[in-house]
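First chain A sits with chain B, and in the next complex the same chain sits with chain C.
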Partner chain A sequence: MVQDRRVVALFIGSILLLGVIIGGPLVYAIMLSFYSAKSFVGELQWVGLANYAKTIQDPLFWQAFANGLMIALAAIFLQVVLGVGIALVLNRRFFGQSVVRAVSILPYFLPTVVACLIAQWILDPNYGLLKSILASFGIGIADWSAQGVTARGTIVLVSVWLWTPFVITCVLAGLQTIPTQLYEAARVDGAGAWRQFWHITVPGLRSVLVVVILLRGIWMFNKFDLIWLLTKGGPLNQTETLPTLAYRKSFLEFNLGGGAAVATLSFLILAGVMLIYLRLFPIDDAKQGR
Partner chain B sequence: MTNHVETSSMTPDDQPLDQKPVRRQPSSQHQDATTGDGGSGKSFGKLAARLGLYVAVIAVCIYSFFPIYWMMISSLRPMDRLFLDSSLVFWPPDLASYTSLFQQTNYLVNFMNSVLMAVGTIVISLVLSAFIAYGATRLHFRGKTTLVASMLFAYMFPPLMLAIPMAAAFRWLGLTNSLWGLLIAHLAIALPLAVWLLWGFFKSMPFDLEEAAMVDGCSQFEAFIKVVLPLSAPGLITVGIFSFLLSWADYVFALILIMSDQKKTLPVALASLLGAHDLRWGEVLAGASLIALPLFVIFIFCYRHFVAGLSAGALKG
Partner chain C sequence: MARISLQHVSKSFGGGHGPSAVKDFCLEIEDGELIVFVGPSGCGKSTTLRMIAGLEEATSGAILIGGRNVTHLPPKDRNVAMVFQNYALYPQKTVYDNMAFGLYVRGEDRKEIDRRVKAAAVSLDLEALLDRKPRQLSGGQMQRVALGRALVRDPDVFLLDEPLSNLDAKLRVKMREEIATLHARLGATMIFVTHDQVEAMTLGDRIVIMRDGVIQQAGKPLELYDRPANTFVAGFIGSPEMNLVNGQLVEDGERLAVRSGDLTLRIPENTFATQEKNVTLGIRPEHLVIADGSPLEMSVSLVEQIGAQTYLLGMIAGHKMRAVFERRDEIRSGDKVPIAFPTERLHLFSSAGGATLRKTEGRVAVHAKECA
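And then the complex of A and B:
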């Protein structure tokens, strides 16, 4: 078949443009990590692996890594548990099902900044709704952002509220693929709801959950905006993660090379974890080929 | 309706069509069959189960919607009662927070900046991704799979791995503090997703249609414009929605690439409002409600497309 030149030309042109605006920055980021730049306007100076060496020796880097891992794992766990639970409820038949399904994924639609502002408003230690409610029971409330545990907990809480709908939607779709005959057969055999869940529903959702956990893991680990908006890494670096550390180094300390090194390292760590994950839980092609 | 969308979007290949009506039966049988048999003890248990289901459903609704509702009613309170009032009604609504927002901040300018970015991102990413996805499904060349897989790979990159080099490169390109620079950044996050979604649509479209048009004397390009594009309208709408969302909600790139108040987009402007004037909660919540408003309108009218794109992993979040 003859290929239309215009189609070929537009395809190649668009690909090149895409390559420049995505590939260009990525290559430049890796390049920057081998240079030292004291400011955005200063000269670049080749320093080899010095940025990486400094980064790896920095205890803050490892603390940020541990914080990010902790926040990501807690958030993913809660998102999956809550997402599967809500999906199972919404999969039943009830009045107003489609409206409730729409409402349940509404939070996913909100920009992160809006969700963070709502959370700060509700949790405000002086004026917030939570404070008023607890005060009417005579319970006092502390500032959540003053302590590492509560600050991390709040980040996890907001992440769960915002992004569980992704799990709900995927699990609801996954539930449709489980043949109903299996449940009927199990009921005939006298299996209760609990055993049906563990022996039919969970295995049936396996391939969906593998993908969902993978994607949520990547996105949670790379999360910058939510943490920066809520805590800016504080108190005392207790919620500093690799993305916020990369931002702090690049744009507050004007250490571009150091920031680029942190970003590159965090990408390498993520890629490594993903490879191990995919080795442990291979994605079957039918699901991936969507 | 919604079932149909979700099912077809998640697993178009391995889901036989005739299963859809069947899948509702266990729960409905389970529930409805017992209402007929009238056994008192048994139907009591079923009634309790039904009641439990509705309690759970209401809990899900409150959990999902209450924080949004609380934001909106708080923004409609008189400003002097904002910090005292925790009632659940907002009547009569008081627009003082909104007027103050418009009078004392650059909100309208920021709103227009956001609209410009969103429109630019939608138009350019639709055009470019249509060319790329069409080429990737119809042209013959090596490395097609690599190309499409690399789009998915773009999911993995930490946003700062794009933002740091962009900030540095824009310095010597003269794009610092420029909305053009921000538009490039928004395209960089929207395009991989757009290509990935459209690739799925074009791939599933039978080639016969274009061939028929080409037999009738169209060139391949004309067949693409006149036959393929109109037929892939649902895919184009989905891509448009998600390009809009990515641009509209972006905080990271706008924070890093834009410095002056006049050029900020809504998310950054709103976040800096809280930092600049403490206790300006009325304006902040009014501004947040106004960011969410266009989204809700789109959500109501394009719910199907949204769910379809969502389960294809469309929105990074």
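And then the complex of A and C:
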């Protein structure tokens, strides 16, 4: 009994601690969005929903939302397609398999800052490695950071390079859980490689993919460091996303209330999308169907 | 439906260099026959079956189905259907789709698929379960779905790898009967793998007994029971196991006898080859008889009442033996029971190698006949 009570106490304690650590800043941010403030130390002034009204009417907010969505969708799509493809290759037995597997997840270990520096090093339109290599063949390249499409594309490419290994690792683990007998049954049933992939591999990876897409979706939509390091939202807000917009408003324009409103709306949008997603694709596949 | 011919089929894993799992396997399976592969764990039953299915490539030898050499064909071109030990149902598909998949993959017409799946569902009593997923089924139901999946395909050959081993004893008997009925109705060629000798005896038109990748004997169930080719088969078929005693052939008056310690038993005339001196004598427990006045006695150490029968374990002339009689309530452990050995029921094997010494059944005859 004593032990039971201790367990309960520990449990409640940890919930409270988590609540304070996670909930505290969240509540504070939401609260800020109802005030007008020029700094964290200055006087707060209650403005009600004015920050939200302004934010919603701001075309930049919607552009940032669209940019974020585009970048996230493209990045997830490529990460998942490449991740599954590479995992399928790595799952076959071949010489040097373990070495290749280890190398393939290396980028995941790089800190984002380092990765972005490397990327800029390679891609820099004036001094980059790519430019000098191409130049030696007499080919010139345009400045990727000068155009919205190429800037967004570069962000997607770097994120694919950085986080596809995460998908590979998860999918490789998922592949191990599919019984080989299912493939044998399918072969006897007459299914070729393509049918085996769609009827056995994909359903078998379903739970893994649902979680991976969920996680990658949240992370990509909330991505700040990568975008800030590569483009700072430029050119002309073409790569501005909700997190960079919130940061810009709060810390560069000293509009704390406006930044908090953007952050809160971003949080609500993401939460809404994720709830719908989980409704459509429950992680526990037993809940699907009947 | 089709004949199957296995000609000198061998298999070794590890790129053909490892120890061999199946050695020089020769067998002719008639159209519509139900063949049972039995043998202890690891003897190569599954490997042989998987080679017939095309899931493993034979290292050497040839496999013919319906006269067609399929040795190097992939499974889909062999028109075989297989039921796996743990069923291998597609977990995300419904019962209906599990059964329909093989037809769908082969580009069968939708209406035809529906007709065949429904027909199989009726014959296997699965109609009420068609919308369920495998995890919502009991073991027996999954087993029937696995059978149904094979059935709808109308294959040349059914391959069943220990399909009943995950079921409880009662259900096993029931499913065994269902498979026998199904076989009788379809008249299909079937190969059934088991390590249960009762299943083998009751189901098989013929039984193939394997050990360490080698066929020990192939024949009708009662042939194997009556004339086991070697001590391994003698011990494997029949329960409780045949009593085996090592001894020497000696002259006992006019007749030949086997002597082992205090036990001397005359053997029937002109039945066995008698060149070898060291022999193994065998007699099944159920062939021993209680005979008042017999000079031989069993001192009983264990009595097991099975119901219809009484199992005894004890010593006869210094040899540990088992005996089975019609129910005898009065026998207690410690009793001495007079026992006789009916001469015509005796088996004789060579002590070296254990092959039978029975004259009609030449030592290599079984193998040679199949491989000729």
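Here, the second predicted complex is superposed on the first by the 261 of 290 C-alpha atoms of A that agree within 3 Å, B and C clash if a C-alpha of one lies under 4 Å from a C-alpha of the other, contacts with A are read in each partner's own complex, and residues count from 1 in each chain.
Here is the rule we go by: a residue touches a chain if its C-beta (ideal position, glycine included) is under 8 Å from a C-beta of that chain, and two chains touch if they have at least 3 such contacts.
Values in this document were obtained by computation on a predicted structure and should not be read as measured data.
J.: Output check: A:25 vs chain B and chain C. Expected answer is one of first, second, both, neither. What do you get?
T.: first
J.: Mind working out whether A:67 is in touch with chain B, chain C, both or neither, as first, second, both or neither?
T.: Touch status of A:67: no partner.
J.: Determine, under the contact definition given at the top, whether A:37 touches first (chain B), second (chain C), both, or neither.
T.: The first partner, chain B, only.
J.: Check whether A:154 is in contact with chain B, with chain C, with both or with neither, and answer first, second, both or neither.
T.: neither
J.: Counting residues of chain A in contact, which comes out ahead: chain B or chain C?
T.: After superposition, B is the partner touching more of chain A.
J.: Under the stated touch criterion, which partner chain does A:206 make contact with: chain B (first), chain C (second), both, or neither?
T.: After superposition on chain A, A:206 lies in contact with chain C alone.
J.: For A:179, decide between first (touching chain B), second (touching chain C), both and neither.
T.: Both partners.
J.: Between chain B (first) and chain C (second), which does A:191 come into contact with in this model arrangement: first, second, both, or neither?
T.: A:191 sits against chain C, while chain B stays out of touch.
J.: Looking at A:79, would you say it contacts chain B, chain C, both, or neither? Reply first, second, both or neither.
T.: neither
J.: Output the chain A positions appearing in both contact lists, the one against chain B and the one against chain C.
T.: Shared contact residues on chain A: 179, 184, 286, 289-290.
J.: For the complex, give me every residue of chain A touching chain C.
T.: Touching chain C: residues 179, 181-182, 184-192, 195, 199-200, 203-204, 206, 285-286, 289-290 of chain A.
J.: Touching chain A in the complex: which residues of chain C?
T.: 53-55, 74-76, 80-82, 84, 86, 88-93, 101-102, 105-106, 131-133, 135, 149, 153
J.: Going by the contact rule set out above, which residues of chain A touch chain B in the complex?
T.: 2-4, 6-8, 10-15, 17-18, 21-22, 24-26, 28-29, 32, 37, 40-41, 86, 89-94, 96-98, 100-122, 126-127, 129, 132-133, 161-163, 165-166, 169-170, 172-177, 179-180, 183-184, 208, 211, 215, 218-219, 222, 224-225, 228-229, 242-243, 246-247, 250-251, 256, 259-260, 263-264, 266-267, 270-271, 274, 286-287, 289-290
J.: Under the definition above, what is the set of chain B residues touching chain A in their complex?
T.: 1-3, 6-7, 9-15, 19-20, 22-28, 31, 53-54, 56-57, 60-61, 63-65, 67-68, 70-71, 74, 82-83, 86, 128-129, 131-132, 134-136, 138-140, 147, 154-162, 164-169, 171, 184, 187-188, 191-192, 195, 200, 219-221, 224, 245, 248-249, 251-252, 255-256, 267-268, 270-271, 274, 281, 284-285, 288, 291-292, 295-296, 299, 303, 306-307, 310-313, 315-317
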